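Let me give you the structure first, and then I'll get to my questions.
Letters A, B and C mark the chains in the order given here, with residues in each chain numbered from 1 onward.
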Amino acid sequence: MQNPYIPMPVEVVNIVTEVDTNDIKTFRFAFVNKEDEERFQYLPGQFAELSILGKGESPIGIASSPTQKGYIEFTVQRVANLSGGIVTAALHDLEVGARMGVRGPLGNSWPIEYLEGKNVVVVGGGFAFTTLRSLIHYMLKEENRSRFGDINVIYGARTPGLLCYKEELAAWEKRKDIRMHVTVDKRDETWTGREGFVPTVCREIAPSAENSVAVICGPPVMIRFTLPVFFELGFSKENIYTSLEMRMKCGIGKCGRCNVGEKYVCKDGPVFSLAELDTLTREY
Amino acid sequence: MIGSKGSLNADHCEKEKVVFKKITLEKLGDLVSALKEKGPLYAPVRDGKAVNFQKITKTADVTLDFYNTVFSPKFVFFPQTEDLIRYTLQKEGAQAEPVPIAASPSVILGVRPCDAKSFEIMDRHFLGAGIIDPYWKNRRDNTVVIGYAFDPAAPPDPADFYNTVGIHAADTEGSDVFMVRKDGELLLKGITKKGESLLKGLAVLDAASAQDEAFFDETIRKDRGVKTRFTEITDTAIAAKLVGSFEKQEIWEEMTASCIGCGTCTFVCPTCYCFDINDETLFRKGARKRFWDACMFTDFTLEASGHNPRPRIFQRYRQKVCHKYSYHVTKYGCISCVGCGRCTRSCPVNIDIFSIVEKVANL
Amino acid sequence: MTNIKQIEENLKREAKRLLESKEVSVVLAYARGYDEHHPLPYAARTAGEVGNLIFNEYCTYNLARYLTKYPPKTKIAIAVKAADSRAVVQLIQEEKVKKEDLVILGIPFIGMKDPKTGEEIDQKTTCHMANPVLYDILLGEEIRDAGAGSPYDVLAELEAMDQAARWSFWEKEFSKCIRCFACRKACPMCYCDPCFMDASRPRWADKSPTADGNLMYHLTRFYHLAGRCIDCGECSRACPMDIPLHLFHKKMAKECETMFGQAAGMKIDDKPVMVNYGNQDSDEMLK
């Protein structure tokens, strides 16, 4: 029996500093053992526990797409305060070539099957864009693209320097099979794109609710102001999906801390439709 | 009722091939020695004022003169602390070895019926849903549980309420062997195949008579008359009631106003399974450990961002009650409480989960 | 000594008056728990709730631990026995509560019993005093013949041990600790938020109950409480592992009293002994 508490060894093969504040980096890992790579079958929206012995584990959404073979990526913000952030701080100190552990994939995914045949509106804010990036890569993959309808992406950050995956955003802008709406709360001299908060941009773009699903991930305040816009546009709660964050440890629904009502976010989530969330307690 | 979904231990033996033994209490030491030879033995030991299950090193330590232990025997399967990985930190990375899941066949002697039942409830979480917990499974598979009927002549402790969750003072469910005390003797009956083969292999035991068997059955019958605190609840009704009263903050605040937010109730509880995983290092040597945690602690749900979904005591207490009486019912089909009364007895300020459940049931 | 039933009646009468007159918005006292021998700490907020109040020998809890949980300026009446009143005084000294916000209902009584064991506690775990040191209303007659003996008598056995024996005594006791934090949570003087034990950066002690971590936790807590422990014994009674924590606290209190001539929580005008410097202070520890 595979012990679900023991991480698989990985090597850091690439590190990209995403933002001008230097506290968000994307780490690319290659599995040390081939069989682990085969075992790590995942879908966009899932997460994994990143493990550094002596520091601990931290649950992080998978930023790469299963269509990208040979590696997995995680975009990690360094949080450091009294109550936590030990692992993310240690991670940020790593260099290419370092070895560490990954335990996963964990949790459910964005509702890929449900999205098939529908238009997808992807809404992301700041660094929470990571698993949405995975989803976009997945949907844009040649053999997958025809399975989905129109793809609209609304992605915002506070400043241009805080946008993640800048090169990919630029590449996607050039494509015809995806419509990108990248915005910043406050522009600077380098920025020629859109300025405005994510909810406002959503209202301006006004994606049709017809045969559409919205997939939203971002800071709580963004979600709070974005949801009413989608309700106004006629999106039902069954057609709005989001991903929850909770303090997690085991990642497999055993350690008992990440429950929202009867659901464990690590196992039954982290992805929920608003309709599902309505049936749960409001403790998150 | 907890039993309504049936036991996960399906190997209850058939009536005609009953293995039924006895031994005089004077020879308890011989029985203990014989059990100890089979592997680690856990049994009740008196230490100061308290009786608790311990791994037996000295035969004479074992006592069967106790009402119930302060701590539940869950630690046999789920120790308070265990190492998952041991490592040495080096400049070029960590040298690490997963700790093998050691599971030599062991025996727990003297488990009260409510506690025996608790193991089956925990099975549903650790074994019955999603990923199987290898630590719990290995120890569970390799352990024989010798249950021990409450004395039908002794009044139950005022904190107990196992009747409320459908358990009686001599229920054999959850035990592999069940033990009844008859004056100066112990009667032992095989309940599962595992239990039967243990009994068959114990030369120290005598065969029991038909009279003994009648006494055994009579004790079980009498023990149904042992009345603990009781309130009429059904699993699904109380589960729904709790969901319905979740938002009634004032009531929850009032019911839990005296709670001081320690973790005692969860640590003594036979069905609390929440744990933490943490790396602990000293001079470059360390271990990734898992160890009991408590939903009553402030930092249980505190996120690295500083956000805490349950910052207040009433929220954490409500979580505890809802987990046991609502979420567990929805998820696993039974209440996750056996009414053993430990949390109430050990609470530094006498908060009583039964009173709270009763109150919610009658809202 | 006033009959305990009479004390209960007096408590109810005063509580009712204070709530009706709106002099206070809450009365901290006791109510019946799941049975008579297991009372609950209880906060009455209306005159109607006063009927729930009780007082009997099992009302051991030091209610002062709840004082710091109320927002500032809440007008609170609190029922206190001798040691509990010292906690209130100490909290006033430490400026965690203000005297003007409190109505202290003093209970002079000897013979409290541990709800878990039924044993009398006054000679063993508490400060062995009969009368509250500070009160606005006394709910019974002052006790004049409290009996001989010092709160430190129970230390005799420990003090007779040599250093090695004492060390092994405490090592054994701390090894039992399961980190339920009942001692910390029951303590009226443990109001730090967050407690050093809950910090993860830096982490001062292992989170799991290891021998080293337990030592770190308890010794640090003892030192945090040096000169502040008011000897109510709540820590030991709260402990599910029966660790006699009060003995360590008592020893520290005794040392403190010997060195600085001041016991914790005795006088409202005292400065907390560890933040106060006097020329006459002992410099024993510097030698």
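Convention: a residue touches a chain if its C-beta (ideal position, glycine included) is under 8 Å from a C-beta of that chain, and two chains touch if they have at least 3 such contacts.
Being a predicted model, the structure only gives us computed values, none of them experimental.
Engineer: Which chain wins if you rank chains by how close their C-alpha centre is to the centre of all protein C-alpha atoms?
Structural biologist: When every chain is reduced to its C-alpha mean, the one closest to the whole-protein mean is B.
Engineer: In terms of CA centroid distance, which chain is the most far removed from chain A?
Structural biologist: C
Engineer: At what distance in angstrom does the C-alpha mean of chain C lie from that of chain B?
Structural biologist: Chain centroid spacing, chain B to chain C, equals 33 Å.
Engineer: In angstrom, rounded to a whole number, how far apart do the mean CA points of chain A and chain B lie?
Structural biologist: Computed value for the inter-centroid distance: 40 Å.
Engineer: From the C-alpha centre of chain A to that of chain C, how far is it in Å?
Structural biologist: Spacing between the chain centres: roughly 50 Å.
Engineer: Can you list the chain A residues in contact with two or more other chains?
Structural biologist: Expected reply: 81, 83-85.
Engineer: Hey, what residues on chain B touch two or more of the other chains?
Structural biologist: Those would be 276, 278, 299.
Engineer: Hunt down the residues of chain C that sit against at least two other chains at once, touch-wise.
Structural biologist: In chain C, the residues touching two or more other chains are 194.
Engineer: In their shared complex, at which residues does chain C touch chain B?
Structural biologist: Counting only chain C, the residues touching chain B are 33-35, 38-43, 61, 65-66, 115-117, 178-182, 184-186, 194, 198, 206-210, 212-213, 234, 237-238, 240, 242.
Engineer: List the residues on chain C that touch chain A in their complex, please.
Structural biologist: Residues in contact with chain A: 194, 199-201.
Engineer: Considering the complex alone, what residue numbers of chain B touch chain C?
Structural biologist: It is residues 48-50, 70-71, 80-81, 158-159, 229, 257-258, 260-264, 267-268, 276, 278, 280, 282, 289, 291-292, 294, 297-299, 344-346, 348-352, 354-355 of chain B that touch chain C.
Engineer: Quick check: in the complex, which residue numbers of chain A touch chain B?
Structural biologist: Contact set of chain A toward chain B: 1, 3-6, 53-58, 79, 81, 83-85, 88, 98-99, 245-247, 249-250, 252-262, 267, 281, 283-284.
Engineer: List the residues on chain A that touch chain C in their complex, please.
Structural biologist: 80-86
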